[in-house]
Every structure is written in C-alpha cells, then in structure tokens.
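Here come two complexes built around chain A, the first alongside chain B, the second alongside chain C.
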Partner chain A sequence: MKKFNILASVTVILLFSILIAQNTPTAKSLLKSVDDNERYDSIKYTGEIIIEYKGKRFVKEFKAFAKGNENSFIEFTNSEDRETKYLKKDGRLYVYSPDTEQVMLISGHMLKESMMGSDLSYEDTIENERLSKRYTAELSGSEKTGGKDCWILDLTAIKKTESYPKQKLWVTKDNHELMKYELFALSGAKLKEYKLIRSKKIGNRMFPVESEIRDLLRKGSRTVFKLDNVVIDKPIPASTFSMRNLER
Partner chain B sequence: MKQSGYLNRQKKSGQIIPELLTIKIILLALVLLNSTATILSDEPVFSGIVESNGTTYSTPYGGFTWNAEQFANIRMKAAVGSRGVIHAAVNTSASSAKEEELHTDAELERLYMSIRGEKIDIDAGYMRIPFGYGQGFKPSDLINPQNPLYPEARLQGALGTTIAFYHFEDYKYQIFAADRKNPYQQYSGYSRPLAGLSGDYHSSLFSIQALYALQQPVDRGSGVPVHYGGFSLKFDAIAGFALDTLYSHDGQNNPEYDGLQAAIGVDYSILKGDLYLMLQYLYNGDGYLDNDDDLSDLYGTDQWDQSPPEERVSVKGYSDLYRKHYLFFNTVYNISDFTRVSGIVLLNMEDFSLLPFIKSEHEPFQGLTLNLTVRIPVDQWLLTDGDKGELGPHHTGYNSAILFSAAMKF
Partner chain C sequence: MTNIKNRISGIMALTTIAWRNIWRNGRRTALCIIAVAIAVFFIIIMRSWIDGMFTGLEDIVRTYETGHVSIVSARYDADRESYPVQFPVADGASSQSLIQQIETMDGVRAVLPRITTYATLFDSTKKHALIWGINIEKETAINDLNLTKKTNGIIDGHFPETDTNGCAIGKVMAQKTGLKIGDSIPLKMVSAQFSDKYWNPVITGIFSFDYQKFDEDTIVVPIDRLQKILGLDDATQQLVVFAHDSRDSSSLRNRLRSVLPKDSVIKEWDENYWVAMFQSMTGLYLIIFAVFQIIASFLIINTMLMIIHERIKEIGMMGALGMKRTEIVIVFFLEALILSTLGAAVGALTGGIASYLGSLYPIDMNIMTGGGMKDFPISGTLYLDFSFATIIEGFFFGIIVTGICTLFPSLKSAFILPVEALRR
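Here is the complex of A and B:
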C-alpha cells in the first residue's frame, strides 16, 4: 500500500509536470506570437500623440501609413505642425517642413533625437523588424502585470548595432499580448518603458491602440499613443511611400 | 533703419505688391474659395503664423533706434476634385519705427495651382521652386535664393511653372520655367525669364540632383543668354556631407571661376541629437570684390562709411555677399524639448569680418514660441582699429541688434 502511494504520488507529480511543461510555451514560440500579434505587412491609421513633460501637455495628431519594415509615411494634421511629413524609405528618414517647403534628409547621427518632442526617438519610429529576427529570447519567469498573468521574456540583441541591446517583455499567458516592455542599454541601465493601456481585436489579433512610453532619461516625461481607424494588412499604393508624396 | 521687420527682410530678396487693391483681390479670392466649397473635394485648410516682434538697434548713424511689427503669414490649401490643389499665402504686417509713421503692408507670398497625375505633376503660379540640398548656403537654389544673413525668413515666390515626371521609382525629372526677378541685379527693372530641366535621384546612401537652365540675357542688348549648371549631393557617412554648386556662364570672357558658386559642408550631432554642429564653406565666384579690393572699391569712394547702407550706391552691383570666401557655422543646443539656443557665425574669410548671432527659443505652451536674437557685427576696425569689413558694423549699418518676438502658429 505504501509502495502504491509513493508510485501514485510520483505519477501525479510527473503528470502535473508534463501538464505544466505543455502549458509553458518556449521563449522562441512566445516571441513569435508577440511578433505575429504586433507586426504587420501594412497598416494605416489616424493617431494622436499626447506628450506630457515638465507639467506641459502637447497634443499632436497625424495620419500614418506603413508597409513592412522598410516603408512608412506620417503626416501631422494638428494646426501647429500641419503638413509636416516624415517618410521612411529604404532605412532612411526624410522630413518635409511646410516652413521651408523643402524635403530634408535626417542624417543618421540625428536619429537618436526625440521625434516631435515625444519620448520616442526617430530611430524608434522607423523600427518595425520582427523581434524574433533581432533578438534571442529566454523565458525568465512569470508575473501579474496590469491585472493579467504574464510570462517574462529576456531578450538579447543578436547584432551589436541594435539601439537597445537588451529588452524585457511581459506577455499575457492567455493570448500573448505584449503588456509591458523595458528597453536597456548595454550597461544594464533602463532607458525606456512601455505599457499597454488598451488593445482592440482587429482580425485575429489583439492590436495595441493605446499605449504609454516613457523615456527614463527625461524625468517626468511620458508619451501616450492613441490609434484610431486602424486598418491592417490591406493594400497601400506604393506611391504613398515616395518622395513625390512627401513633396506634395 | 528698418532691417528687422519680416517684410523688410523679404524686400531684400523679392517683390512687394503694395497696392491695397491687389491685397483686397487676394483676400476676396480666399473668401470666395472658402464660400465655393462645393467645388472643392475638401474644405480649404487655413494655417499660418502670427508674430509680434520688436527690435532695437545701436547704429553708427544715429544712435539707438527701434521698430515694432505685427506680422502674419496666412496660408490656404484647397483640394479641387481628386487631382487639383490650390495653394495661396499672404504676408501682412503693421509696423512702426522710430520717427516714422505707422505703416501697413501686404505681400502675396504664394498663389499657385497643382495638378496631380498618375506619373506627372504640374504646378503653375507664384510659388517656390526649390533646388539643392545645401545647408546654410544653397547656391543651386537659383530661383528663390535664401539670404544667409536671414536664414529664418520665409522665401519669396517666383512666377513660374514646373512639370515633374515620376516614371521611375526614386527618380524625378522636372522641366521648369520661371521669372527669376531679383532686385539686387544690375538691370533690376527687367523680368528675367529662365527655363531648364533638373533630375533627382535618391538612394539609400545619398541624394543627388543636377540641373541645367537657360536665362534671357542680363543685358538685353547683348543677345547672349546665361547658362546655368547646378549640382547637389547629400550623403551620410557617420556625419552628414553636402555639396551644392552652381556654375553660370554669360558668354563674357570673365576670369575662370567667376561664374562658380560652390558650398561644401558637414554636419554632426552629439548628446543624442541635443547638440547639432554644422560647418560650411562657400566659394562665391560672383563676389564683386577680389582679395585686394576693399569696400571703397565697391562704392567708388573712401567716404562710403559716412552714410547708412540704404543711401549708398554701389558702382559694381548689389548682392547679399560681395566677396568670394565665406564660412558658415551653426550650432544648436536643445536645453529641453521647449528651449533651445543656437549660435550662428558668418565669417568673411578675406577681410575677417564676421556676423555672429545668438538665438534662444522657448515654447511656453503648444503653438507659442518666444524668440530672443542678438546680432553683433564684428570687424578689424572694431577690434584693432583696422579696416572696416563687409560684415562689420559700418557696412551692415548697426553695432548691435536685439530682436524679441512671440509667434503663434495656427
């Protein structure tokens, strides 16, 4: 009887472990799920950037179009920045200013600068390559974040040229939504922090339509992104991502 | 002394339309466009900037003086059907200066229409036709040239038309024609029709532009047209590099490089983009003065410095810059997202006069920008009692200038 009890206990523990193992995704598959949920072949939306910094509040409105990782086009529509446009094409960023009525290439050395006073740099805004192609992932635990049970993923950059050599991601256990992430320098210093505020079901995915990002080097600063009229993976004319469209 | 006012700056490089009737017609046209919105695919969009500014000068010709100005740049853009766009902009101002009456002015800045085709765009009217990727100096921007002494000024329009072809991705070919009127030129009363073609190519490593243009003779009696060839290149290799050149040939046997204007510059930023640095050299072959000349050769008298700039008569011609070698240095430091300080120095490398100005900008809330600019012309006369220089206090007409402005965008 005693032997039977031990055997039964071991069996239960083994079965439970197998069950847990089956429910614990691999870091690689989890990162792929995050990519599948957040990355797109094409997207268009209208957006709002709310920048709060040192007690001041700036609101910028814009229309955005993007295709893959290479092409994106943003036109600001709020009165102070009306007709300011950005084009990312072949990894380069161009800006059209209605004041100078001319297109200017934003040099590589300026890409770390804050874009329109937000907590995002130009570099952040032009990056849409899949995380799974740029980082190796390791599952480091689980934690409750924003009222949801999340897996924690530690990412390490494959290339040394990556702007953020390390990232930490909180991914929901139920539908693999990215609830939060932190971006780190090589030294381990935390540089930026992202939190999901609201997501919306678009097609088969839960897409983030309101989020907050903080540049921790800018004390007391936060930027909220709101997306409306989001259309994902519908054809966008190639002419949208052209110098011609920027000059118009 | 009325150099600080926005319109007064504009007068240096373009045409003012003083007739009140003209302005009424422009405003009426804008109102009509607004009221006939049924033909427009979208409501017209109005935007612009309203600025209050005041400037004080210390001058060698009458002590302190001042002027104050209320300025507005009002722009309108209206889509017509699916392929048409109408653009219009006016500058208006009310200004007052020491010992002068209140003065109101208005100027047509833009009035043109655009037709957008599948592969071809056509623009026609009073507009800006930009060329080149230069930084402070942009020699190839020959139709609406920027005055490097006033880099912040909006550029004057030109009456012209452009037809741009976009048959290949990353390439743009353009045919253009414009009246290149310039009040500085010797025969300022004439229009100066010019026509040409240009090509642009953008790759992931660089942007390149070439242009050729033919202009009606400067001297109508000569019968020899002026040829222009322009070339501009911008590339990025850790730092940003820009080359911008324009060569003009008027059929005269001028010295070899007289028709050449070439600017080469480099820019770089550090501290995550908070500190921007730019240095540019200009060879100005058009400059009337050679290294051995001094300003008395320009005015034909040693007594040129006895009268203020607006009363002097040049015996060689008028220009923004009279010599051949210049350096332009620009640095911008972002103290915060709302406050930045910039320092610009324009150096004449031949008489070693320089025009430094420091500008600070602050944005107390969204849409409002406060600006304080201090300009102090310096030359050898000021420092060592040597020669008076082109960018020095006597030639520019002031010892120092302090400008304060508050601008709102809408």
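Here is the complex of A and C:
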C-alpha cells in the first residue's frame, strides 16, 4: 500500500510537470510571436508625438509610411515643424529641413541624438530589424504588468555593435503582446523604458497605437506616441520613398 | 621717566648683543635669511597669482556669463547646465520692450539679450559646439571680447552682420576642424518648441577671445537669426545688465525685481558659482600660506636650538655675571626676530619685483595647462596682480609667523642654570 502511494505521488508530480512545461512557451517562440505581432510589409498612419519635459508639453503631428525594414518616410505637419521630413532609404537616414532647404544625411554620432526633442533617438527609429534576429532570448519569469499576466524575457544582443546590449521584455501570456520593455547599456544601467498604453485590433493582430517611452538619462522627460488611421499591408507607391519626395 | 629710559637703553644693549651674535656665523645667518625670504617671496607671488587669477575670473564671468546683473527664468536657472531655450525670460515676452524698459532705469549702462544653446555638428571631428547668439554690434560696443588685448577678438574676417546666415568661430575650433572663412557648418539644435532645427551658417570670421571655452567650443551668431531659427520670436533666454558702476549691482538687482515677473531669477555677478567658490576659499589660502611660512621657520627654529646648544657655557656666564633670565630670552628672541625681519625684507623686495614684472609680462596659461582649463572661466593669459598691500602683508606675515615660531626655542635658554651650564 505504501509503495503504491509513493508511485501515485511521483506519477502525479510528473504529470503536473509535463502540463506546466506544455503551457510554458519557449523564449524563442515568444520572441517570434512578438516580432510577428508588430511585423508588416507596409504601413501608413498619422500620429502625434507628445513630449513632456520639465513641466512643458509639446505636441507634434506627423504622417508616416514604411515598406519593409529598409524604407520609411515621415513628414511633420504641425505648424512649428511643417515640412520637416525624414527618409530612411537603403538603411540610410536623410532629413529635409525647411530652414536650410537642404537634404542632410544623418549618420555617425548624429544617430545618437534625440529625434525632434523626444525620448527616442534617430537610431531607435531606424532600427526595424526583427528582435529574434538581433538578440538571443531567455525566459526569466513571469509577473503581472499593466493588469495583465506577462512572461519576462531577457534578451542579449548577438552583435557587439547593438545600441542596447541587453533588453528586458514583458509579453502578455494570452496574446503575446509587448506590454513593456527596458533597454540597458552593457554596464547594466537602464537607459530607456517603454510602456504600452493602448493597443488596437488590426486584422488578426493587436497593434500598439499609444505608447510611452522615457529616456532615463533625461530627467523629467516623457514622450507619448499616438498612432491614428493605421493601415497595414496596403500598397504604397515607391515614389514615397524617393529623394525627390523628400525635397519636394 | 628714568625707569623707562633705563629700560629702553637696556633693550638697545640687548639688541646690540643680538645683532653682533648674528654675524658670528655669517653662513648660518645667510641660510636663515634665505629660508624666510623664499617663503615670503612665494607668499607674495602666490597671492599676486591668486589675486590676478581672481580678477581675471571676475572679468570673464562679468563679460561672458552674467554682466553686472543677470536675468533668466526660474525654470532655465534650474537646468542651466544644459542651456535650455524652452524657458525664455518673462515667459517669452518681447525682449525688445523689456530691454527698453530696463535701459531707462537709473544707473543702467546697457541691457544685452543673449541665447546660449548646444548644437550637434555634422562634422565628425568636432561633434558638439555651443551656439552663442548675441547682439554683436551692441555687445562689442559694451565689452572687449578679448579681455587680454582689449579688442573685439576678431583675428580674421569679421563678425556676421545682423540677421544673416553667418557665424564666427574660435581660433582653436578652426584649427581642429580645418574650417576656414567661407565654409559652412551644418548643425542641429533643438528649438523652443522642442523641434529639430537644422542650420548651415557660413563662417565670416575667426576670433580669439583668449578664453578656451569660446575659442574651442563656441560659434558666435547674430541673435536675431538664432531667435527665428529656434522659434523664440523676439524672446530671449537671458538678459545681461551692465551698470555704469559695478558697485550699484545690488541696488540695481533690487529695482529690477519690481519690473520683471516673479518667476525671474535676478542675480548679481558675484553670486556666480565660480566667483562665490573663489571667495569662500580665501580662508583656505591663508592657512596654506601660514603652513608654508611655518615650514620655512623650521630652519630658524633649528638654528636657534643649535645656537643655544653651542653657547650653553656662554649662557651660564651671562647668568653668572648677573643677567636675568628674561634678558637672556630677549637676546635670543631678538636674534631670531632680526633674522626673520631681514629674511622677510629680502623676500618682500624680490617678491615685489617679480609680481611687478608678472603684471607687465603675462603668463600663458595654455602652455602650462595644455588648454585643459576650458571648463574653468579663466583667461588663457594670466597677469599677476601687483599691489603694495600684498607686499606689506607678505612682509609682516613673514615676521609675525616666524617670530611666533622662534619664541619656543628662545624660551629654552631661560631654563638653563648658570652652574650647570658652566660645568659642561
């Protein structure tokens, strides 16, 4: 009888372990889901960048187009920045400024600069490559974030040249939505923090339409991105991503 | 009366004995005099150096940073290290009307609007620079921007005209980047509305202000063009007020409070961080000088102890012949005091000559520091501050500190018993 009890207990423990293991996704599959959720062949939208800096609030409006990872075009439409345009083409970032009426290439140290005074750098905006191609992931636990149960993923950069050698991601357990992430320097110092405020179902994915990012090196600063009129995977003319369009 | 006369003649006699004793060993006396002289010499030179540096620092702060009274907004003041342009004076009110209003006040010589902001250069040799937007015409009429040569600082070309796409860069920046007159400098700034503003000003002049921070890192531009680019309209980041007499700064500051909005930060030039820090360090310098003088006095202390040891039989003899203990002490103390006075006199004379020469022929600080003083508001050329007060202070400081130090060895002679001394 005693032997039977021990055997039954071991069987139950084993069964539970198998069930738990089956419900726990692998870090790799989770990261792939995150990528798939935010992946598109083309996208266009209008948006707002709301910058709050030391008690002041600045709102910028823009329209954006992107095709794959290589091509994107942003034009600012609010009065202070009207006609300021950015073009990412073949991995290079160009800006057209109405003040100089010139196209300038943003490269090297300029890429580290804040874009339009926001908490994002130019580098942050041009990096569209899938996370799963740039980082190796490790599942480090789970916790509740923004009222949702999330898996926690620790990412380590594959290449040494990556702007953020380490990242920490909070991914919802139910639909693998990216709720929050933190970006770290090689030293382990936290540099930036992202939080999802609102997402919207577009097609069969939950697309982030309002989010907040904080550059922790800038005291008292916060940037909110709001996206409207999001259209995914509809054809965009190739001329949108041309130098002529930038200068026009 | 007779008693006083006797005392004076007594001291005179003791002084004569002390004076004769000094020259019994000329080499030792010369060494003591040299030691005190070196200490006094360095105290005078160091004092002249520090005073010269402080005067230079005050001039730099008044010229480039604050004027006699500086006006900024409270939010700018809280974050002034990053030179934000988002928080203009009087919350963006017209700077022209403010300037006109302040210039009508009694004792005001001029009011200058200024904007300083960081720019990122597209050039990869020099990645960042400070943009200094000033009313160039008015600024050069009020200030010598090269404080050493008392000129506007331009060494090639000219400052940009009002509301033009021009700029002037420092000599060191031109050397490091290879930029010359006619070249343009593509750069990016952040505007008052937190927008990226790209600009491509053309170099019209090269300046040398003999102030490393400006010569290496600063681009001078017309303020009206900068205001437009930064979206400030007519507003300014800072108003710098110059009084006819700098001593009126305090009353001027108080009167300005009634004209400006409550969130304005109005500061006198001596409230500047560097000026206040230097002023607070005066006590520390006094301690350093005293330590220096005490170390120099060790030679005299040592000499006095040796003399007392050598003349132990003589002290016994003096006692046996009826000389009082106090008289013996006075002889040795006077001996030390004469050595101190002679040393201090030699030090004061040579220090005075050196500081006078240093006030005529300046020292190139860039050679000494390798140009590494750019974060410190100090000119690249240092003039020593020559002052008779410094020389006299150095002279008496030397005598007093050395005199106090020699009291102890002199007292030692008083505790030698004549019988004991003669037996040795």
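The rule is simple: the second predicted complex is superposed on the first by the 248 of 248 C-alpha atoms of A that agree within 3 Å, B and C clash if a C-alpha of one lies under 4 Å from a C-alpha of the other, contacts with A are read in each partner's own complex, and residues count from 1 in each chain.
FYI, a residue touches a chain if its C-beta (ideal position, glycine included) is under 8 Å from a C-beta of that chain, and two chains touch if they have at least 3 such contacts.
It should be emphasised that the depicted structure is a prediction, and the values quoted were computed from it without experimental measurement.
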{"item": "Side-by-side fit of chain B and chain C on chain A, or clash", "value": "clash"}
{"item": "Which superposed partner A:M243 touches (first chain B, second chain C, both, neither)", "value": "first"}
{"item": "Contacts of A:Y53 with chain B and chain C, given as first, second, both or neither", "value": "both"}
{"item": "Partner chain(s) touched by A:K180 [first = chain B, second = chain C, both, neither]", "value": "neither"}
{"item": "First (chain B), second (chain C), both or neither touched by A:S97", "value": "second"}
{"item": "Comparison of chain B and chain C by chain A residues contacted", "value": "B"}
{"item": "Touching partner for A:R214 - first (chain B), second (chain C), both, neither", "value": "neither"}
{"item": "Which superposed partner A:G117 touches (first chain B, second chain C, both, neither)", "value": "both"}
{"item": "Partner chain(s) touched by A:E80 [first = chain B, second = chain C, both, neither]", "value": "both"}
{"item": "Of the stretches 42-50, 78-86 or 366-374 belonging to chain C, the one that collides with chain B", "value": "78-86"}
{"item": "Footprint overlap on chain A, comparing chain B with chain C", "value": "51, 53-54, 56, 58, 80, 99, 102, 104, 108-110, 113-114, 117"}
{"item": "In the complex with chain A, residue positions of chain B that touch it", "value": "45, 47, 75, 77, 85, 114, 116, 121, 128, 130, 133, 154-155, 164, 166, 169-170, 172, 200, 202-204, 207, 234, 236, 238-240, 267-270, 272-274, 276, 336-338, 365-367, 409-410"}
{"item": "In the complex with chain A, residue positions of chain C that touch it", "value": "75, 78-79, 84, 86-87, 120, 122, 124, 127, 186, 188, 190-191, 193-200, 229, 231"}
{"item": "Of all residues in chain A, those that touch chain B in their complex", "value": "51, 53-54, 56-59, 79-80, 82-83, 89-92, 98-99, 101-102, 104-105, 107-114, 117, 121, 217-218, 238, 242-244, 248"}
{"item": "Touching residues on chain A, where the partner in the complex is chain C", "value": "51, 53-56, 58, 60, 76, 80-81, 84, 95, 97, 99-100, 102, 104, 108-110, 113-118"}
